[in-house]
Structure formats: structure tokens, C-alpha cells
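Listed after this line are the structures, all set down as C-alpha cells.
The two complexes that follow have chain A in common; it is paired with chain B in the first and with chain C in the second.
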Partner chain A sequence: AGLHRVFDLFTSTAAEPWPESATLYQPLKEDQILLSDCASSLAVQAYLRMCGLPVQVVCKANAEYMSPSGKIPFIHVGNQVVSELGPIVQFTKAKGNSLSDSLEDVQRAEMKAYMELVNNMLLTAELYIQWCDDATAAEISRPRYSSPYSWPLSKILAYQKQWEVRRKMNAVGWGGKTLEQVYEDVSQCCQALSQRLGTQPYFFNKQPTELDALVFGHLFTILTTRLTSTELAERIKSYSNLLSFCRRIEQTYFEDKSS
Partner chain B sequence: MGTVHARSLDPLPMRGPELGVQPDDIEAPDIEHEPKQEVLENKNVVVQQVHIEGLGRTKEDLLTYEIAEVFRAKNLIDVMRKSHEARQKLLRLGIFRKVEVVIDTSRGEDALPNGLDVTFEVTELRRMTGSYNTMVGNNEGSMVLGVKLPNALGRAEKMTFQFSYGTKETSYGLSFFKPQPGNFERSIALNMYKVTGQFPWSSLRETDRGISGELSFPVWKTNQTLKWEGVWRELGCLARTASFAVREESGHSLKSSLSHSMVIDTRNSSILPKKGGLLKIHQELAGYTGGDASFLKEDFEIQLNKTLFWDSVLSASLWGGLLLPIGDKPTSIADRFYLGGPTSIRGFSMYSMGPQSEGDYLGGEGYWAGGLHLYTPLPFRPGRGGFGDLFRTHFFLNAGNLCNLNYGEGPQAHLKKLAECIRWSYGLGIVLRLGNIARLELNYCIPMGVQSGDRICDGVQFGAGIRFL
Partner chain C sequence: MDQNMAAAMELRCWGGDWGLPSVHTESLIVQAYAKFSGAKVTVSPVDWTWKTLTATVPELLCGDSAVQEPINILNFLRKQRFNADYELTARQGADTMAYIALLEEKLRPALLHTFWVDAENYANLTRPWFASRSPFPLNFLVPSHRANAALSRILLMKGEAPLHRITEVEGKIYSDAKECLNLLSFRLGMENYFFGSLPTSLDAFVFGYLAPIYKASLPSSPLQSHLRQLGNLTSFCDNILAVYFSSDRPCPPPPVQETMDANLQKLTQLVNKESNLIEKMDDNLRSSPQHKPHRPDPKPSLASEQNSTPA
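This part shows the complex of A and B:
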């Protein structure tokens, strides 16, 4: 009888229904959010829509500091707070929603490898362009990042963030790269993705997975964000199947509202 | 007429001519050498010179104000009294370790027959003093290093630096204090600090980095202070289990505020006073000199004491405060008031009263708290005259309320809200006085009027602090 109760408790927590009040937090859309955060947030939103889980997007100036890991986005579901795509995928899986259940182990390993590629290449390139390229940092990143705060706090926080990202870039070996090299890396990553996608609608046959959400998040944001130069967007546009992939996901999952 | 024995007004070594009656007919044949004695009657004297000896880096012009009064003395008693007052003034500058007064008759060419020379022999404090303490607090130990430069530039400026390195947090502060020469009550102080605090009752961690400048001056019987403060506040959750309401307050904000406070203190002591009263009114306006936070904050403190029969003291105190946000932004958890605990409403847990969310207390925008105490010496007065005098028993009655106010409604509605759901408690305990700054209490409390969400500590409660309701 005791064991039965424990089992009940376990299944009931895991199978707690997804509440209507689930919320996703990100920085202010108009004035504050930067390319990398916007891409990560869009990836999570796409994933949740693919799972059919409704979520409300709330913009808060201190979203980054509210997040338990310091990274955007995070979701508030019931009384739990989960941040970043990886943990959110695990969280939804525990609730019985998963997009990659039907994959075989080999495919799942491949999916994880491509997700690592996107994180190590695309996300790092976005961070590099935002904070290590002086022109972009001065014209776009620093003003946007510090917009909710008053002087001199705005300056302090912007430079603190820049210094932190530059230190991280040095740690992963990107400190010495030039902008051209970064664009090349992005091209190579897109080529790998394009080859894997081929003519299929999604990366793994006909059903989207978290990899599709992640790739969509990053590519779509790069294509639709204004930077100091259009070079990055151009590199992606040269792969037509990636373009139609983004358009397809936008039309299928985001058609009710403009992003 | 008559003679005067030079009695000090307080135990000071005062050297000077022996003053005593010298009967003319007594003669001790074997005394070879009699010190010449003079009889100074209580007649008019003129203070011709006032010196200060032993000055190193202190600038003389600072001290002329303090000793100027001595010149005005007209007779010997007056000279002694004014010298004593001047000595007190020199000591309160905080730059001398010792001050001794020597009154002597004038010597030299210009000496008048009734002239006096007054000399202040001072020993300056060392240029730099250091201190090292270890502190153990709530789940945290820390090492505190202090460096003090009294009289840094020669005019009683004081510079202090304190550094606290703890198992959890690190804080430091630098401050500079300068009194106005000639008017010690007027002073300016500049501070720079980084302070970190952990508040488990709110599951909140706060780091403040700030600078402030304040100006203090007396006006009639009151002491006024004007201050500008700029603080960079960083709030964060103390644990992953913090409530979402506290998580929403995480982040950075900048507060730039002007504040004014007025203090009238007629008590004979700040800890366990026997008589007198205290009135303190403080207001703070933030947002008009920059920064993100924008509010007007008012708070006041009143205390009255009266000695009753048999050495017992009746003490009544009242605290209150109001926080009005200016503009659309809601108030920050760092600016709101907190109530409850052994230093305010006894019988409740520390700051665990009022608006809360999932067990984290969020503070309130308006509060009031009152206390009525009867302090008596310990029963049977053990250790009387010595250690026992530091203890008191007290019977207390505390009441108060803390809530958020909806500023759309009028003041009538606010008063009504503050009068609803009053928490109160009563009990008795023992108070121990620590020096002149702090006190310890051990009480047995019975909390009443407890609202849902409040955390109580009924039964025995221990408290230590500086400011008690």
C-alpha cells in the first residue's frame, strides 16, 4: 500500500497538466533584447508551439537577473522556474511531452551533436559579433543592453557585460578571431545544417524536433535582425533550403501572430 | 576675604602654588627651605596666557576656538570652571588621548600681579590606529579589519576604513569626517561603501555600492542632517526556493536620493534612559537627482521616559513610516518597511509580519508600531552597585501593523487599513545593557492578533541590537 502511494505521487507530479498560466520571460522586445537572447527565446517559443503547449511571453527589463541560471529565456510553470532550451526540453519530457521520443538512439545522438554544433558555432558567433566587434558593440549592443537603466548604472552594466562576454570568448578560443573568420565559421555551420536537412521538411523526417526549433530560432532571428552589416544574413541566404525551412516553420507555428 | 583651597572640579592633576593658610607664628626650625607660598583670595584675576603644549600635527587655529572662553574668566573659580569646560571641548574633538590643565601665576616681564597662565598639556592620538575583530553572526563568521586616522589633516578630520571579510559576504567602507573649526557640532561626512546583506526572511540577498555626503548642524535645540546618497543596488534570490515575487525583484537599480532628518534627544542615555525624550523625523526623496528609484519616504520615532517610584522607569515609544511611490513604477523590496522581531514587535519572528508570498516577507509601504515598557531593577537587587546595575527586568506591551497602501484611496482609507488587523504582544523579560550602545534582551512573549502569514516566536525570545521599540 505504501509503495502504491509513492507511485501515485510520482506519476501525479510528472503528469501535472500544463497550466494555462505558463509564462516565458525575456528582455524588452523593442529596446533591450539582443540578437543572441532573441534567438534563444524564439527557439524555446518554437519548441513549445511544436509541442502544443501554450505559453505567454512577458517582457521584463530584469529578465536576465530573474533567471536562475542567468540566461534567457526562462519559463515559469506552476511554481517551477526553468531556464534555457536544454533544461526546458527535459522538463516538458517529464510532463509527458516530447518531440524526440520516436527517434532511435542513433538519431538522438545525431540530433544532440547538431544541437551542440548550433550552440558552439551559431550562438558563439552571435555573441562575438554583438560584443567583440567594436562597431556593433558601440552602436547596438551597449545602448540596447543598458536602455532600462539610468546613468551611470547603464554604462557600468553595459561594460561589465561586454567584459564578461569577451572573457568568455577568450576562454573558448574565439578571442583571436577576426570578423571574417567568424563569418566563415557561420557559413560552414550553415553548410553542415543545409546538407543534413537536404530536401526534407524537418531534420528528422516529417516530424519537427527540438533541433528544428533551435535552428529556426537562430536562423530566423539572424535573418530578421538589423545589424551594422548584412553580411551575416547574406551568408545564410545563400542556402535556399534553410530559407524555405525557416519560412515553413514560421507559417506553420507562428502564423497567428507576427514575430 | 578668606582663603581658597584649589579644589579641582574633577580629578585633574592641577599643579600650581600651594594655596593654604600659613600661620605666621608656626615655624619649624629644621625646615631649611620653605616653599614660597602665596595666598590668593577669591579676587579678580586676569588670564594672560593660554598655551597648548604637546601639539604635533594638530593645527593651532582649530584649538583657539575651543580655549577662547578661558580668557574671559574673571576670578579663580571661573578660571577653573572654564578650563574644565575647555578641556572637555578638547577631548570631544577626538584627537587627544589625554588633556591636562595647569594653572599657574604669570611669570615674565608682562606679568600682572593677579595674572594667570593656563597651560593645556595634551597627548595626541597616534596617527593611525588599527583594529581587528572577528564576528560570528547568523550562520556566518567574518573578520573585520579597521583602520582609523584621527586628525588626518590636523583639524580634527577623521578618516576610517573598515573591511569585513566573511564566509559568505564581503563588505568595505571608507569614510571621511570633518567638523567645522570652532563649531564642532557642524560637520560634513563623506562615505563610500560596499555592503552585502542576506535577508533569510525574504529569501533575498542585497549588495549595495554607494557614496553619500552629509551635512550636520544644530538648529536651536535640534540636530539637523542633510544628506545626498547614490546607491547601486543589486538584488538577488538567496535560494532556488525563493518565491516568484522576490525573483521578480532581482536585478539592478540605482537610487539617488536627498534626505533630511531632525533629531531632538533630551534623554540622559540612549540605552535604558531614565528620563527625557527622543523625537526623530526623517524624510527621503528619491528620483529627482537621477537614478531609477522614485519615491518619497517619511518615518518618525518618538520615545518618552519617566522615572516612577522605587527606581522604575516607564517608557513609551511610537514608530511610524510611509513610502509613497512617485510615478508608475512600483516600490522596490529594498525600500519598503519591515516589522516584527525581538527589536520591534516582540513575539514575532524577525521581520516576519505583513505582506508575504510563499513564506517570503515582502515588506510594506506603511507601518506603525508602539511600545509601552516598565523597567525595574532586578528583584532583590543582586550585585547592587556593580554588575547587577547593568540588568533590568521589563514588562512590555507592543503593538503595530504593516501593510501596503493603495494610494488611489484617500488618507481616511489608509488610516482605516492601518487600524485593521493590529498585531500586538505582551510579556516580560530581562534586559542587559552593553556599554552605551547596545542591549541584550531575553523575553517571554505572548503574541496576539496574529494574522495568517505572520510567523511568530512565542515563548522565550532573545534579542540583541541597538534600536529597540
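This part shows the complex of A and C:
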């Protein structure tokens, strides 16, 4: 159903300009949202700011159920609803806003490959830590996820979500990993990103692309979210160019509260 | 240079067909890497044994240790000094990780769907093949077991909660896969391998994913037609098959690590000594009174020496 809506918007709304009333929906920031969703939402917000497209962030407890694909975040633009960074990038491209148009084919291939690396390793690691690590699941994830609901719905929804995520982890081969192995995978991923970034300001030198937005969303969220242990943040902190990368994007795109 | 592995290495794989050493992507990846890195492994197919159901394939057995999953097997071989990635820079190593993630996320779902979920392909090709290579009564169990695993994997990775239906995601996974093939084609360009003139682990992974799609006699596959249009990717597969898997040609030697190190060291030392001598001679000439310098600015020196000011 969500896919049909994305196809519809390509054919009908390419010409309409970006409205002032565009909104981005995510779960409640203080009590409910979890690490992985926060990272995904921040990536989309960073991307839209990099494009210069204003969007208002609205927090709703049932954002996950409002989303056409069940994934956070989603944006409501005009009469279209689009969720997840990939489709949102395509949507803005149809409206004439793109950060990666000037890239050559080989560079675009590289950009997409590195975005999949972030999804494959960082996002999966976040999901693992949230739902497969018993300590984190019990202390943080289940309470937060179920906070808007009263008992017994809260218990049911939390355990259902946990079961779903654990099934997915098993399917992609992460079910048998230990927490230490997951941290090691995150380190390797960060090392690859650090290598690729080098001393440049952004991954494709002077101009940010959707890859920069995605990396920023995940790294910044991990660095600023309190978990049961600081191990994950420490692993990222050992790569100084990634830290300055996050700081640079935060200062350039998030410091002024004008939007 | 010593042969450091005293224990023999045995690799359990699915057998071959359609001109390929194995029909199974993960088995192909490991076999290709073994050839690229010069590792001597004995390949023992699990066909017609009970291991078709019980074993995790591919599996590398070496002495007491059993390693599963292509990534782990490649790491194990690397630790045994069978390293096809020796010459890669750190940046190229990072690119390798990224492209493998691309294959995993964008190509694997369509690969699984083509062979195990598409009704026509499954009924006419995949199920008969796997059933014919499993002993009775496993021939009834093995194909459907693998098909169920493939379907649930696709749905869990790509499906939209809460109703997981395969028809909703089919369009997306095939368009993602076609885009992935295009990206690989752009990246490979006109080269033989992804990083220069020798194949590396990335080449092994790409070969493992592409070769079955390319070579299998699939009754219906838009993915196969798309791949066959990308000439550089099909030549890539054919080239690897001809160079590393043909029975009449011996394999090219892998990059030799130790002697290259020693030679490179010696060469660097010689070059440094020579340049030191030249610098000293040059300085002597400059400081001697009857010679005027040809250039006012001192030559940049390789060794750290103080620059003499022109007389």
C-alpha cells in the first residue's frame, strides 16, 4: 500500500513546490523514541536541512502506525505521505531537489554502497542492542516503547515488537552474535567510514549528500543517547575525524533555530 | 617461504552445474577466494549425503576447527596467510565492506526470490536440482526447507509490518536488484577485476552472487535478462571461470607476500642510499668556491638534511 502511494506521487506532484506546511512525524522524543528510530529520524531531518527544505517535526505516540510502511520517520507533504530516507530522497528528487546530482556514476555507486553499509551494520547493531540485549531491552527499550499505553496493552506491544526484531536478527544471521561481536562490527564499520571520509569535510568533498545525512543521523544519535553502557559511544569516539564530522554538520545545519 | 598449513583444509560445498563449480552463492564465494589466494582446499560436495539437511554449507574444516559463513571463512584463510587482499589500501578495504553490504541488502533478496520463491523457477529448476542431489527421503525435505527459509528471510528483511505479503515487496526487490547490478557495472567499468589486475575478496563476493543468476537455466527471469545486458559483468564472470576454474589451465599464482616485502625493503634502502650520496655530492659542489649554483633554490631532499644556502 505504501509503495503504491510513492508511485502515485511521482506521476502527479512533481511540479508542485515544497509547501511551508510539510511535517515530519516521529514518536515522542522524551519518553518513547528509541535509538534506531531517533537515528533514522535525525538522518531525514539532516537531509531536508541540507536541501534547504523546511519541515516541522511533530511527535506522535502512534507515529509508527501512521506510517505507510510501518517505519519511522515519515513526512507529510501536501497530500503525500512518504516514509524512510530512501523514498524521501527520491521524492525530493522528483521535486527538483537533489544533493547527489553532480556525482558521477561511479561516485553514485560508491555513495549507495556506503549507505547500505550503514544500514547493514550500524542500524542492525542498534536494533540488536535495543532488543536482543536483555539488559537494554528490559531497562530501556520495553519501558520506552510501551510508555504511551496502559497495561496490558503496553506489555503485549513491547514483547511483540521484541519478538519481531529478534526474528529479523535471526534471519540475517545476527541472532547468534554476542554483544562484544556486535561492538566489534560497529568498530569495523566506523573504521571503514573514517577511512572513506579521510580529511575531507564531507564524504564527497565539498558538498554534503544523503550519505552524510545518514552517517550523521546514526553517529550523532549514538553519541548523544544514554544506554546501559557507554561502550558503543566510546567505539565511535576513537575516530576523531568522525567526531569533527558530526560537530561540523550539527553546527552548520542545526545550530540556528530559524526553521 | 614455507607452507604454513600442516593440516589439510576441507571445504564442504554444494556441487556444481551449469558450468559453475557450485550452484550455491556462498559456496562459490569461498571457492573463488580460495583460488584467488592460493589456498589449497579440498572441495567435498555435500550432494547425496545427509549433510544436505544437517550441515551448514559452506563449511571449512581445518584440523579441529570448523568455520561457517563466507565472511568468517575468508577471515580464517587470511589469518592462515592466504590473503588475496594484501595489496589493497585501507580505503579500498573500506570500499570492499561497503560493496559487500550493497550486495547483501540489494541483490540477495532478489537472488533468493528468483531461485526459491518464483513459482516457475522453483518448480522447474531449483526443486528438481536440489531434490535430485539429496538422498532419499531428504529429497522431499531439503528443497522445501530451503524455500521456506528464503521466503521468511525476504519477508523479514523487506516486508511491511504487520501483514507480511510477498507480492507487495516483489516489485521493490527486483528494482533494487537491477539498480545494484547497474551500480556494479559502473564501478567495474572496463577492468578485469574491481581493484586493479588481481582479484580480491570483493571479486569473490560479486562472482558468487552473479554467476548463478548468469548461468542457471532459469525459465523466467527478468533479473537474468537484465544481467545479460550488462556485458562487462558477464565478461567478469566468464573471465574468472576461464582463468581460475578451467581444468586445463593452471591457476595464476596469488600475490606472494613475504618475498615482496623483502624485495621492497631492499629496493627502498638502495634508493635512499643513492639519494643520500647524490645529495652529499651536490652539497659539496655547491659549497666549493669555484662553482656557481645552477639554481638558486635548493633541491628538495629525500633524506632529512639541512639545505645549504647557495654560495
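Observations
We take it that the second predicted complex is superposed on the first by the 243 of 259 C-alpha atoms of A that agree within 3 Å, B and C clash if a C-alpha of one lies under 4 Å from a C-alpha of the other, contacts with A are read in each partner's own complex, and residues count from 1 in each chain.
The rule we apply is simple: a residue touches a chain if its C-beta (ideal position, glycine included) is under 8 Å from a C-beta of that chain, and two chains touch if they have at least 3 such contacts.
Note that the structure is a prediction, hence the values are computed from the model and not measured.
On the superposed chain A, the two partners chain B and chain C both fit, without a clash. Once the two complexes are laid over each other on the shared chain, residue contacts for A:M121 go to chain C alone; chain B is not touched. By the touch criterion stated above, A:S187 is placed in contact with neither chain B nor chain C.
The wider contact with chain A, measured as residues touched, comes from C rather than the other of chain B and chain C.
Legend: residue contacts after superposition of the two complexes on their common chain; A:G173 is shown touching chain C, with no touch to chain B. By the touch criterion defined above, A:A109 reaches chain C but does not reach chain B. In the superposition on chain A, contact is made by A:N62 with chain B only, not with chain C.
With both structures placed on the common chain, the touch criterion links A:L157 to chain B but leaves chain C unconnected.
Looking at the shared chain after the overlay, A:T225 reaches neither chain B nor chain C. Once the two complexes are laid over each other on the shared chain, residue contacts for A:H76 go to chain B alone; chain C is not touched. Once both structures are overlaid on their shared chain A, chain B and chain C have a minimum Cα-Cα separation of 10 Å. Residues of chain A that lie in the contact sets of both chain B and chain C are absent, per the superposition on chain A.
Only residues 232, 235-237, 240, 244, 247-248, 250-254, 290-292, 358 of chain B touch chain A when the two sit together in their complex. Taken in their complex, chain A has these residues touching chain C: 1-3, 69-70, 105-106, 108-110, 112-114, 116-117, 119-121, 164, 167-168, 171-173, 188-189, 191-193, 195-196, 198. Touching chain A in their complex are the following residues of chain C: 69, 90-91, 93-95, 97-99, 101-102, 104-106, 152-153, 156-157, 160-162, 168, 171-172, 179, 183-184, 186-187, 189.
Within the complex formed with chain B, the chain A residues making contact are 60-62, 64-66, 68, 76, 79, 81, 149-153, 156-157.
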